[in-house]
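Just below sit the structures, each encoded as structure tokens.
Consider the two complexes below, in which chain A is the common component and chain B and chain C are the respective partners.
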Partner chain A sequence: MTGRRIAIVVAIIGLVIVPYVITEVYYVNIASQILLYAIFALGLNVLVGYAGLVSLGHAGLFGVASYAVAYLLAAGFGHAVAIPAAIGIGLLATAVFAALALRASGISFIMITLALGEIIWGLAYRWISVTHGDNGINVTTRPAPFGLPLSSARGFYDATLIIFLLAVASSAIFVRSPLGAALCGTRDQPRRMNALGFHVWMIRFMAFMFSGLLTSISGILFVYYNEFISPQALALTASAEGLLMVISGGAGTLLGPVVGAALVVIVKNVVSGLRFTVLSPMGFADLVKFVLNGLFQHWNFLLGAIFVAIVVFMPEGLVPGSVRLARAAWRTANRSKSARPAAAAPPAPVAEQKR
Partner chain B sequence: MTALAVQNLCKSFGGLRVTTNVNLAVEPGERRLIIGPNGAGKTTLFNLITGEIAPDSGAVLLFDREITRLATRKRAHLGMARTYQIITLFARDTILHNATLALLGLSTLRWNPLVALHRQQHLTAQARAALERVGLHDIADRPLAETSYGEKRRVEIAMALAQNPKVLLLDEPFAGLSIDERRDVRELLRRIPRDVTVVMIEHDMDTALDLADRITLLHFGEVVVEGTRAEVVADPRTREVYLGE
Partner chain C sequence: MSRRVSRRTLLTGTAAGAAVALTRFPAPAVAQAVPFKLGLLTVKTGPLAAGGILMEQGVLTYLKEKNYTLGGRKVDFISADTGGNPAGAKTKAQELVERDGVDVILGPLAAFELYAISEYVIEKKMPTLSLAAADNLTQRTPNPYLLRASATSSQATQPLGHYAATELKLKRVVTISEDFAFGHEQMGGFQASFQKDGGCVVNKLWPPLVTPDYTPYIAQIVACDAVCQGFAGSNPLRFMKQYATAGLKYPVIAGEAGADDFLLKSFGEEALGLVSAAPYTLDLESDANHRFVDGMLKNYDAIPGQYAALLYCNCQVLDAGLQTVGGDARDREKLMAALKLVTLTDTPRGPIKFDHLNNVIGTIYIRRVVKEGAKYGLKLWNKTIHTYENVSQFWTWPEKEFLAHPVYSRDYPPLTKC
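Take a look at the complex of A and B:
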């Protein structure tokens, strides 16, 4: 328990000092992006991981809040009005989304959310009087809560970090709560939960609302980060990317979506910019560099290869998969160490290990 | 007053009539055994009683209150609990967590998103007590996936009993058990207090005969014979259904 607490404190300190360690604005911005996508992935994980409901339309919900805040700011409202209003609109859209999608589960649920996401994308693209279509909406200012401006990369990172930590904490509290346990129950045995007296639909609806809240918040952060929103952010590929973050990191775990978000953002932004210089008469090393350059350039391909590797070697995701491999390694290391003295010593240490 | 009454209940799946004009009247505290060969419509009858399937016509009454169209979860709150023939448990969790969920289902705490479930001492203590009733308290903290089939059957019963039901529906509680395990489960069912009305399905005639006050024989969705143990056993139609042709 205390070991866990120390790890949490170390992790928070590590996240706080990130902009002091990597002072380059570009990388601080990447770190902000990881955190805001991690909030998105945490929201999606509530549904995918804990409710067992795979949504392929979450970028649509993300987009509703994004467009709401951008539209209100462009219409002349202040941040103090635009942000809560956008969260409210995002939650309203989530409620409609949930009411329609929760008529089904399994594949049908995926198809309904996919269709709803596409409808919102279509609205963003064609409802030009509100969204300016392909041109999108520009946002010219970032808020300055308590006199702390978010206009600098570091200021924005700090604000995103605070919201990210709140998102992680609220997810952790939710998962350990009776409602969270009930939600996991509806994922594993919906029929039994119904017979035990649980309102399966309402539990799922509440999970959807919590998911929508985190998604809306990440959408608003996204608009402030880019100071711009266009239909591209709502496209199906964005929904799929969110899903990949959750699944690659480990659905149904707290850390998994965060790790998945980091993986996707880093491959997309950092690795895609890497280039080796290749000399014209190619040696073997140059050939390798040439191939790697191709991979870096086509980062989609690289990301795909990473996902295939994850699915093959750690189908449960990076975080639970690493834990499993580490445990197995620890066990074999201990076994080979205790193999010889085990004959003389009583079996007490073996029992200790099991616990 | 009857604890559980079923009146002229009918249900068809397409052209297949699985329940035809079934009538049942179970007295409070009674042990009712419903027997019948495979495909007699026993489990369908349970699903109609619990509301997991809606009947085409007829009525279901719980302590004279009509519940035919009431949601399944609300019937649980009125004191109806059931077990499943096919084990329907939470395999990722511990035995204790399974029992806790059963208790949580009837507690208003189930809507609480803020407190930690494992810190609810009261609930945990109740869950442990429920497991003690079926003799599983020693392995309460074991993951369900690491338990035997017989233990899982007992978890099923423990979860239903944990809810302190007025009417308990047991769907083949002996299915797949060894002789020793059957004896344990029989002893367990015998200890259920008489303020609980028990309706039990059994495929096998002999397994649960001694537990029953009255027996209903179902065949092709219809009640063929109903009466006391001796009456049903002696009835030639029983022999016809079971020994056949």
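Take a look at the complex of A and C:
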């Protein structure tokens, strides 16, 4: 337990000093993006990982809060009004989403959330008088809570980090609470939970609301980060990307969605822009660089390949998968040490059996 | 086992290759001054990609012609794909400015992208030579770091309105264009000048940028003399085909992108007679235009239209401006001031200069799609039938009067009974 605590403290210190280590504005902004998408993924993870309900419409919820805050700011309200109101509107939309989607589970749930997400995308795209359609809404100012302006990259990173840590902490508390335990119960044995007297629908509804809260918060951060919102942010691909963050990192773990968000954001923004200089005539190294350049340029393909690799080698996700592989390696190392003097054929390693 | 061997081979190969590469080319960058970093925001995916790729080819054609030097400095060219949406434009602009440290941005393509990055460009004091035609950024909310050698959205459609009313003698027109800033402003400009000269816009239709089928919109085209379309990218092709298939016979007139020269190779008979207004025309007989078209054909085997031509012009302006400041792009204000004063006579689009709001004053060409006189192996040809010289963004209105109106939008000018 103490080891865990040390790890947490080290991680927090590491996150706090990020803008001091990488001073380049561009990379500080990337770090902010990772954190805000991590909050989104944490929200989605509550449903996907702990409730076993796969939502393909979360970008819609994300968008409701985004558009609400952008619309209110453009209408002349202050940040102090716009942010709470946007969270309220986001929660309201979540409640409607939940009420409709929780009538089903499994594939029907996926399809209903997909449809709801598309409806919201359609509204953003075609309800021109409110959303300005494809032109989007510009937001010109970031708030300055307690006189600390968020207009600089570092200021914004710090604020996002605080919100991110609160999101992680609240997720941890939620998961460890009796409600969280009951939620996992409804995921694994909904009928038995029902027979035991738990109100399965209400438990799922509460989880949906908590998920909606985190999603709305990340939507608001997204607007302030980009100072702009247009329908692309709500498209199906955005929902799918969120889902990939959760699944690739490890659904049902706290750290998984964070790692997944980092993976997606980095491949999308950093790797996609990498270019090696290829000299001609091509030597072998240049050929390798040439191929890598192609991969970097078509980062969608690279990301797809990474996901396939994750599914093949770590189907449970990056975080649990790495933990499993590390443990297996550790055990194998220990076993071969103790087995050596005996010189007898060691029993098959545990990890092998598991596989 | 085999895997281990191959990995080792790979490593050795990489190391050997790198060693060879290093020894063969002793780093030339050290000997020279820092190159001038030129960033391009363009679109390589989606319906606007056809134009976006031509933008890049236009820039590269100029750079190749000048052996990759502008204003006496070696150029390092970086191209970024915005995906043709405002959020992507913002992300890519940040990438160019903050990561790549570019000195000047060319582009973006679409007006709604430019509106999304305008504030950012001012904040970063980044000289931006735009193709995008977001009217208000050189009108009521001028951006001091923006220079537009292309045209505002309405700069070509205002003369088109005049031509339609006075020469084509049209009375009642239905407009149809994409539902984004470029479409709104184009059609607004057309409506304002067309109605000033006695015409009447009877209906305005706004299909979304990405739509599989124009039929529901085409069905609403009734009771008029002609249709004015303001489509962009490759959308004009689809619209004209579906329009012809629907059996409509009203003549069609178009904005600058609606009959772009690069579309000529893909248009069929349905485009015959299409009248359009544009700041560039492929059939302009000038040295610069011949140089430019030959370069495009030689380098890319591509028949260019305005997307490539206007970017080529942007490069010419940048080249001239950099020459004035001796190639020193560090003082952004000084560079902007020099760029504003550039006047060129020999560009692919004819003579250009800038007004005090950083927008171009140049010729607008009225063309008609015909079969006769087609060159470069084309079957159809945009033949210039009229030219308006020294057209400013305010058309014939006095600047004050023009700016007193709101910017052209979906709802301005409003539809009136006429």
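Here are a few things to note about the model shown:
Here is the rule we go by: the second predicted complex is superposed on the first by the 339 of 355 C-alpha atoms of A that agree within 3 Å, B and C clash if a C-alpha of one lies under 4 Å from a C-alpha of the other, contacts with A are read in each partner's own complex, and residues count from 1 in each chain.
Here is the rule we go by: contacts are C-beta pairs under 8 Å (C-beta built on N, C-alpha and C of every residue); 3 or more make two chains touch, one makes a residue touch a chain.
These numbers were taken from a predicted model, which means no experiment stands behind them.
Applying the stated contact rule after C-alpha superposition, one finds that A:Ser336 touches neither chain B nor chain C.
In the superposition on chain A, A:Arg192 makes contact with chain B only, while chain C stays out of contact range.
Looking at the shared chain after the overlay, A:Thr2 reaches neither chain B nor chain C. Shared-chain residue A:Gly283: touches chain C; no touch with chain B. In the superposition on the C-alpha atoms of chain A, no part of chain A is touched by chain B in one complex and by chain C in the other. The touching residues of chain A, when paired with chain B in their complex, are 173-174, 176-182, 184-185, 188-189, 191-200, 206, 210.
Of all residues in chain C, only 10, 13-18, 20-21, 24-25, 80, 83, 85-88, 90-91, 94-95, 98-100, 112, 115-116, 119-120, 178-181, 208-209, 410 touch chain A in the complex they form. Note for the complex: chain B touches chain A at residues 50, 52, 72-74, 76-77, 81-82, 84, 88-92, 97, 100-102, 104-107, 109-118, 120, 159, 163. Residues 24-27, 29, 125-126, 128, 133-136, 138, 140, 226-230, 232-233, 269, 273, 279, 283-288 of chain A are the ones touching chain C in the complex.
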